[in-house]
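There are structures below to look over.
Shared between the two complexes below is subunit A, which pairs with subunit B and subunit C, respectively.
The block that comes next holds the complex of A and B.
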């Protein structure tokens, strides 16, 4: 355990050093986070400005969902994109060899090796938006509610991570799976709005097949104090299940790894 | 007790069988035909602790595939491998701490950062306490003649410096079995010599076992008392380097730049004509006749430049198989 923590420290401090070699990149990423957020707020504002409502969600409540989405998107830019996005290249160029020969869990290495600080503004903006919008929507969350929301947010991060890792792991067989991860990222965009805003067919799809509902709507409902125990349990179960699935699939995939030729 | 034990090792790869052209591509997309290609067949050998063994073979002979099975990267299709008492493909942490793999054409150092940052990561991953890691880095850096290069971004290092830093990173955990795949690839002669000297020194100091592939005969002659020769996936020769060089060494390669073009017939009686492109001549000359041939060349032709080399391993091996000296 201590070795993993120390490794994580070495991983992230070297990633940070690496990112700081290219300061212009920092500025671009920051602008892109702010641009995305502004764009989403404008779309929502246009919608509510015409007196529509979104699947029974008020303007402020919908902003909470947007906040959760922004938070997850920041998490994606900080950890998922830099790490899981690199797996395909590891497989294609054969540098996965070096990972597999280290006496450390290869899934841990591949999932935690890089850390991009440029997603952190998104994380902070997301947290701020969740808090402000929830207060304006009239919620005064108690400590247990906050803890529950935190737990659900961790679950949604885990679900998203596992799905992405599963897709990236299939690169062992198919090598190029960038398209698949793009599809995942664009599906996540659907999570900017409450899931009940979508037609029933899509709603089912987003709950059962692509767990968009668990990613954003469920944690948002939690902080607004409207979630029910079954949803919490379902979310928890979904997270553990998808994590276990990603792990099992990775182990299975490694049996088929042939390593790029020299 | 052998440290590397290989019995009847085999590996075949399932590859796509695609016809060229659009028609072939379409057919391949809809009905993928696969076939099994044997890369390594029934290879057996054993290596004692502390041995430095050269692993020779043409491109595609199966060297890298065998190394990957020995390091546990890929699973053998047949046979058994044991390295330091472990079955490599299980990749237990204690096995991975015992071995290292250096690949001349791949690198593990972080491109944009100085080698020291990558070394810190490796120290953490292998659980080497920081003071101990510092001591080891210092010791290895001295052996490798690396100094402030360790503080410069890897992308700004020369190929030779980078390779030495790669070696440092690969040896930080003090492995006792070293697998080196073309560790001197692309290095200039000086850098090659330094890497060789380092490897010999490391082997002497630590008693580590080394299995090394190389295209440069010089690496093999400088380091290995014993060689394994692999051809089309099969082991063709396992024995002392001396015995092998006795069969091969009669030949040296003489390259000349001539001041004027000559027909190939002009070089009859000067050994075996390997190639003649424009005014550049390459001859294979037996060792006993080397000096005599060179002085005759110099007196008979307007020679601008002349060098004498060991023929490349590929050439030697090709010759070996043509002459049926092995097999």
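The block that comes next holds the complex of A and C.
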């Protein structure tokens, strides 16, 4: 365990040093977070400005969902994109060989090697939006509610990680699933809105197949203080299940890894 | 003339063969453009069509058309150019008596050809789910729509090529595409038909090239009311502005090209 923590420290400080060579990117990422947030708020306003609501959620409550989405998007840019987006290249160029030879778990190395600070503005903006919107929606979260929300957010992050990892791991077979992870990113935009705003068939799809509901709607309900125990348990179960699946799939996929010929 | 035709044929057939290898990836990419359909679900769920002077059937046709337009105007030249420039693959291309961007253009067109079956399958699925219940405009209308869609693709390709020239000055220019994507996403008509915007925002959107890339072709394709000549003139005007800019930046950039890599 100590070895893993020390490796993590070394990984992240070296990637931080590398990323800081491109200070202009900080500005670009900041602008992109703000621009995306402003655009999403405008889209929400298009609905609410006409007196329609989305699936029975008030304006402020819908903003909480958007906040959770922004937070997760920041998490994606910080950890998932830089690490899991690179797996495809490791497979294609054969540098996965070197990863497998290292005396450290390969899934850990592939998932935690890089760290990009440029996702942090998204994380902060998301947290700020969740806090402000929840206050305006009249929620006065107690400590247990806050802890519960934190737990559910961790579950969302784990589910999101597993989805990304599973998709990236399929590159062992397809080799050329170049940027397949971008696909995931663009499909998950559905999570910008409360899941009850969708027609029933899509709602089922977003809960069971592509668990968008667990990613944003469930944590948002938690901070608003209206989640129920079954949903919390389902979210926990989903997180554990998807994590186990990603682990199992990786072990299975490695059996088919044949390295790249040189 | 004869030489150009032969060149085009060879380039396209080579790129098509190459893209066929990426079938699995392109199927995934087709799925990644589902945003207009997700927005369709939201708009019809909120019952907002009545406010937009669009019937529910028109709204459905609009978003379905926007989906098709989006599928055939996907541009990724900045990513591939960044990679080629960083790895030095651009150098041999520069030695050939052909502007390297013709190669990229051919790759895009070939990729679209590979995409056709997947897009047809998705359109058919949505159609069977009820979106097409209201019939489809006559062939002359949608053939014109498809023609304008390819013009929209060229305009977007040109716009991204202009941004791509930043690759000569920075190693991380592809991050700029993230910024360009924001107005494209929110102002082009992908998330809402332009009628839904408040007047001020609508004027702002119409002052940018983005509505020409989705809204105008999608409207034609879905058989809505359009100012055909005005729309074509806007596209021509943007092209006349961007094309010289691209050529100018290309010449300036080439002088800085350091031919990294092997």
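In the analysis below, the second predicted complex is superposed on the first by the 259 of 262 C-alpha atoms of A that agree within 3 Å, B and C clash if a C-alpha of one lies under 4 Å from a C-alpha of the other, contacts with A are read in each partner's own complex, and residues count from 1 in each chain.
The definition used in the following text is that a residue touches a chain if its C-beta (ideal position, glycine included) is under 8 Å from a C-beta of that chain, and two chains touch if they have at least 3 such contacts.
Note that the structure is predicted; figures quoted are calculated from it, not measured.
Look at A:7: by the touch rule set out above, it reaches subunit B but stays clear of subunit C. Counting the residues of subunit A touched by each of subunit B and subunit C gives the higher count for C. Legend: residue contacts after superposition of the two complexes on their common chain; A:17 is shown touching subunit B, with no touch to subunit C. In the superposition on chain A, A:233 makes contact with neither subunit B nor subunit C.
Of the two partner chains placed around the shared chain by superposition, subunit B is the only one that A:94 touches, whereas subunit C remains out of contact. Once the two complexes are laid over each other on the shared chain, residue contacts for A:42 go to subunit C alone; subunit B is not touched.
When both complexes are aligned on chain A by C-alpha atoms, subunit A residues 22 touch subunit B in the first and subunit C in the second.
Residue ranges of subunit A in contact with subunit C, taken from their complex: 22, 24-25, 28-29, 31-32, 35-36, 39, 42-43, 46-47, 49-50, 52-55, 174, 176-180, 182-183, 186-187, 189-190, 193, 197-199, 202. Listed in rising order, the residues of subunit C touching subunit A in the complex are 21-22, 24-25, 28-29, 31-35, 38, 41-42, 44-48, 51, 79, 170-172, 175-176, 178-179, 182-183, 185-186, 191-192, 196-198, 201.
Note for the complex: subunit B touches subunit A at residues 13, 64, 68, 71-75, 91, 93-94, 96-97, 99-101, 103, 105-106, 108, 110, 112-113, 117-118, 120-127, 153, 181-182.
Across the interface of their complex, subunit B is touched by residues 3, 6-7, 9-11, 13-14, 17-18, 21-22, 93-95, 97-98, 100-104, 109, 255, 257-259, 261-262 of subunit A.
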